[in-house]
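The structures considered in this document are given below.
Note that subunit A is present in both complexes that follow, paired respectively with subunit B and with subunit C.
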Partner chain A sequence: MNDQNQGARMGRHITARILSAMGSRGSLVRLLVVSIAIVITFSALAPTSFLTVGNFEFLAQATPEVALLSLGISLAMLAGGIDLSVVAIANLAGIASGLVMVTPIGATGGGLALAILLGVAVAVVCGVINGTLIAGLRVPPILATLGTSQLYGGIGLVLSGGTAVSALPTAFTDFANITFAGVPLIFLLTLLLAGLVAFVVTATPVGVRIRLLGANAVAAEYSGISARRVTISTYALTGGLAGVAGLIISSRASSADTNYGSSYILLGIVVAVLAGVNPDGGHITITGVIVAAIALQTLSTGLTAVGVSSDVVSIAQGAFLIAMLAVNVYGGQVVPLFRRRRFRRAVEPAPA
Partner chain B sequence: MSTMTSDPEHGSVRPVVEAESISKTFGGVNALTDVTVRFLPGEVHCLAGENGSGKSTLIKIISGAEVPTAGSIRISGHAYPSLRPQQAIRLGVEVIYQDFSLLPNLDAAENIALPLLTLEGKRVASRKRAMKIAEEAIGRAGIRLDLSTPVGDLTVADRQLCAIARALAHNSTFLAMDEPTTALTWREVDSLFDAVGRLREQGVAIAFISHKLQEVFDVADRVTVLRNGRIVETGVPSQYTHESLSQGMTGRKSTSFPRSSAVWAGKPAALRVTGLGRSQLFEGISFTVGQGEVVGLSGLLGSGRTEVAEAIAGVHPADTGHISVLGEECDIRSVEGAVSAGIAYVPEDRLTQGLFLDQPIGDNLSVTILSKFSRAGRIRARALREASRTMSATLRIKTRSLAAPVRSLSGGNAQRVLIGKWLLREPAVLVLNGPTVGVDVGSKFDILSILNAESLRGLGILIISDDLPELVATCHRVLVMRGGRLVDELDSANLSEATILEAISA
Partner chain C sequence: MKSLLSTHPRIRRAIGNQEVLLLVIALVIVGAVSVRNPGFLGVDTLFNILTSALVPFIFGIGVTLVLIAGGIDVSFLTVGIFAAYLSCRLFPQADGAPGALLSIAVAVGVGVLLGLVNAVVVLGARLSTLIATLATSAIFLGALFAFIGGTVISDIPHGLVGMNSVSLVRIPLANGGTTRLSALVIIGVVLAVLVALFLRRTIAGRWVFAVGGDEEAARRVGIPIRATRVLVFAIAGGIAGLAGIVQVAQSGRADPTTFIGGELNVIAAVVLGGALITGGRGRVRGTLLGVIVIQIINSALIPLGIPAIWQQAVIGLLLILGVSLQTIANRVRPIRAILAPPASSVPIGETV
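Right, the complex of A and B next:
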């Protein structure tokens, strides 16, 4: 038995391991393979524009809002629902706090803090309304949040008078540019919030109840879990995350508008599915969501670096979502075929 | 070693289906070892065994759903090393699985005719032809069934009959039924057995899979007992007694259930129900369950027994009447309310109502005590895990890890999880709806022992069931419902299968 043969077998073994890990939903291996593939592809295609410090700084700046919205959507999915209103909530939160910031009160430090708190509070209230519609009136989550998305967007439009709320205080707009050792503060803040969500989901009674409700709503009821309270908590939390995302958006854009980030709904769903969050409820991975958000943001900056238009970016994201859903459904079935064939081939020469 | 008894009596009749020295391994585990069984025309052949004994695997191999590791299937004299499902159907092999595999949005006639029409390769389904096929099929089996009702609206019993008619529609010569009586009441079982008898007269070979002892004696012409994938014995039912058959299935003696004696007299009742009613469903229900007492609640399907249980449990609260727990009046408006009052409910449908199948066993157990094991909004994970582990050990739940999903457990072990989650909550009264349905003999004994032990510690237990031997063996008293009213109460002096049966159906 020579070394080369053994090496080849080891290689096959590792390939099979990676493939089988890729087949299982929520696998971090799959996520990392996809992420690395994205980075390698664009590094090869556009080394001069993609592989630059500036591009990676931009990535770290642009990822937080996507990551936070995706976390919100993932939480709703964990409970067996979905939240299509996160972008509308984010913009409404941005507009509400922006309107306070542009008043004389907003110029003071206390006023700024008040404005920020108000923005998050508005977002949480929006979430509570979503949760109440879903748990109280039993409106399907997809319809309830599609409806409230229009509602919150419309309120934002009326509040802002149809134009962007601009001339925000520099203390606020500079916030997005603060960095720690080259890493944007908003990126660190996102990691902190992700950690907080992870804590809620794994280590608090309400988090476990959200997961169980999403896994089997009937059994949850028979176990004495209050679907109403748990659902409202879920969407309130989702709303809060969307609110922070909205503040980050308006800080980065130096203004607040109802039209920002309309593509983020689809993107957020793609991130959640790629991360391995189960759209049927009952499973979430916070690490996965963060990694997937970075990967998807890399995909879109990569496509831009290669020089394709933003329309094509949307097509790519949509195709990516469908491909990942297909892997979730069929991945587990395809991989064993691969593995069995490889396994046989590896076994044949052995009895010498 | 397989010990297939030779049978000169039937030597001349050619079997419809024969399993010859079938072995099957799943990833190194032997599900079947050298199993030989012959199914003769016009004979009801019971495959008896506990869950996991290999009886379902054998049927799956015969129907082409699984490929045997060794051995062959002989159909009408021709040997096949393995079969494909379509091929098996064409050869006249039909299996009715527990879920019946019917299409709920089509009506009964369409369901019955569909496989035949598909086999014929017809692309356009004619409604008239479907009706004709269906009428012929139910006529052959002597089944009464409204053919134009969508299957989704039929009762479980009628769906079963519909599945039998479907099998008949394409002239099956072999029909296997996997635990067909699981969801039926005894009266529906009678009409099922009538249909089975009719098929037998027409020369169909019938494989009847069951782990209920009484059924084996009621319906079988021949019985083959499987244990751990091997044939233990084959014979005619008259050679056996309940005890010998049970011993063959479980490999151990004694099936008599332990029976608690002490009722905590002088203490307030664990559960007192007064004048409970819910419009159209039940009314004037009054009874008590003492501390340490086991009370049965029986009645036909539709008698209101499940509705009363769900009212007490807060799933569908009552409109009128009072419920008190340990002497304290409580207003039960939701499951949460019932749980905090000290009432625990093990529902009828374990898989959808009781368990989170894809979630860890540990979380399924601890769902009821999350708040109790939390401090400042944070779960005390180690203490919670310890409590779940202790309960799992006490109930002897067979699993390597509490992190495994409940789906990986057998029916008996899953039921233990469901009971365990409520015992962890330490309720005053435990209401169980069909606690041993779909559970094998060995687990059934264990589960009833657990309930017995809990009652000795003062837990009040209300068992909703129509398993008469079980009620007689475990209950101090049995209440009987009919048409939404409590019509009878049998105390220990008058408690027997005959008296319950009489009260239920009077």
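Right, the complex of A and C next:
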């Protein structure tokens, strides 16, 4: 009897855990509905160009950088901040490692590994600088990362001399094309990193602290959490993710430049909000971020398959963001209107 | 450092007052360049700086308004070029002084409309102004390219050309040439005076400060928060449209790509000028100083022997320095008991 009770409780507990990991407020359900709607729409509109193996391969190739940058922005949002410098960090990491790769050292296998490590290290340092400005000097996150994005972009410009760092070793540029059973390695790598981030956020002490800090900074401070250390590690993690994204970008583009991915800031915020990450902090869903990144990438490849220009794609992304936020705000008021009428008869006076 | 700051209110205020800091920076830079290159110090350089500062200054006034009201707008450049481009497309034949006025009026009108769109999105979807204006700016720019046109108009309305060619001052130079200041500068001066008077002397202007300083307090004294926000976005949109058309008049061409990616430079100037990112503080005078200092830096880099490629990094660093000083100066302000007599060196009613 007792065992059974405990078993049932465990079951309920696990279900609750899974549900909360999927995101409250039905955000994941909503997201899945939107994603499936996108796929169905474009399959119907452009079956010959959208429903092709080549298109899905492209999708799997193009999603990782967006997903990793969005994951970075989502983490910063989880801690109650925002990081507008992720694209600048990504490009700086790409340029830094690219500059090592084009030297004679970079031609060797060890040199290549060193270059990649350097790129990620640079990105983490950039993240630590962001975190220090935000937590140490209490600069508002928007401003701090606006400033550092200018700074990192400027440093990247100086390092690269204003031109793209090209002629990267083929061992590096081929990396983006490696596939396992048709799935690009970079896509699997992204899933692995997302899993790692999910583990850190849900199951490690630092993850719990990040969530608590984002949910209620005052309460976090009173429970003895060092806001400074937690914030710095959050932005360092964000920086590291941006660095990997930067390496993937330069591997795919076969060069590194300060101009790549300037539209990814908006896209990353759209993905985070669509996924149900609370911009005010405290709530994240890693699965949601990955699904949302795939959904938005599908939206843009779908629109391209239908034959519209990239300008319309950017209109669609902006409108999409506003629409999703409107759903967030007003959805809760509209949905009850469509519930079945209940208990009305008892209250209403009987018709004469 | 800390004890020095807290014991000498005068020093603390001087550091907290970014206008003083900016003046010092400007003087140091001008001094340094003049030592290396005596020709730098002259009417010619002054006119160049004023001319290149005009458009960022007008944009900056709009940004200042939004910042004071407690928001951050990143769509202003898109609004500006959208309005100016549309004005040139709608009335390409506008000639003479009435034509110039027509071009300007149309641009301002379109700017106000786009500002109202911003207001609707911000208030309707209840989102942070940063996210909302990121979305609307993607939509505006996409719509400009997709539906209005993406080609450069090199034959702009003659009225605008005529306006730019009117000289306010014309001074002969030592080398036989002449230097001149276009009458367009008058627009900047008039606008600055008008906005400063609006902010300081009108009821609505004080509401803007109240709403940005403490929204809840403003609500409780009965200030119409939403109406104030809508007003601010409408005015800021109109100012952005004006800045866009002045840019077109100045450069003699309407190029939809002119401003892409330049938002940070303007926001940097405004924040350097002392406007508080969290709202409730800012002044036109500070914005003017911020814009001028950035222009001085831009024009001083090359005479100082620093490659132009460093410009972005230097501005980023300066922005970070500016906001850090702002936050530090705010934080070390000593907390005085409410009942204690005011410190003699701080006049009553003065805010730090």
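Everything below uses one rule, namely that the second predicted complex is superposed on the first by the 313 of 352 C-alpha atoms of A that agree within 3 Å, B and C clash if a C-alpha of one lies under 4 Å from a C-alpha of the other, contacts with A are read in each partner's own complex, and residues count from 1 in each chain.
What we mean here is this: contacts are C-beta pairs under 8 Å (C-beta built on N, C-alpha and C of every residue); 3 or more make two chains touch, one makes a residue touch a chain.
This structure is a prediction, so every number in the text was calculated from the model and none was measured.
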item	value
Which of subunit B and subunit C A:Ser226 touches, first, second, both or neither	first
Partner chain(s) touched by A:Val139 [first = subunit B, second = subunit C, both, neither]	second
Contacts of A:Gln297 with subunit B and subunit C, given as first, second, both or neither	neither
Partner chain in contact with A:Ser70 - subunit B first, subunit C second, else both or neither	neither
Which of subunit B and subunit C A:Leu212 touches, first, second, both or neither	first
Which of subunit B and subunit C A:Gly282 touches, first, second, both or neither	first
Which of subunit B and subunit C A:Thr234 touches, first, second, both or neither	neither
Subunit A residues touched - subunit C or subunit B, whichever exceeds	C
Touched partner set for A:Ser149, first subunit B, second subunit C, both or neither	second
Partner chain(s) touched by A:Ser250 [first = subunit B, second = subunit C, both, neither]	neither
On subunit A, the residue positions that both subunit B and subunit C contact, one per complex	none
Partner subunit B, residues of subunit A touching it in the complex	203-205, 208-209, 211-212, 215-216, 218-226, 282
Contact footprint of subunit C on subunit A as seen in their complex	82, 133, 137-140, 142-144, 146-155, 157-158, 161-162, 262-263, 265-266, 269-270, 273, 279, 309, 311-319, 321-322, 325-326, 329
Parts of subunit C lying in touch with subunit A, wherever the complex brings them together	72, 121, 124-128, 130-132, 134-139, 141-146, 150, 261, 264, 267-268, 271, 277-278, 307, 309-317, 319-320, 323-324, 327-328, 331
Touching residues on subunit B, where the partner in the complex is subunit A	313, 315, 334-336, 338-340, 345, 347, 352-359, 363, 367-368, 370-371, 374, 377-379, 381, 421
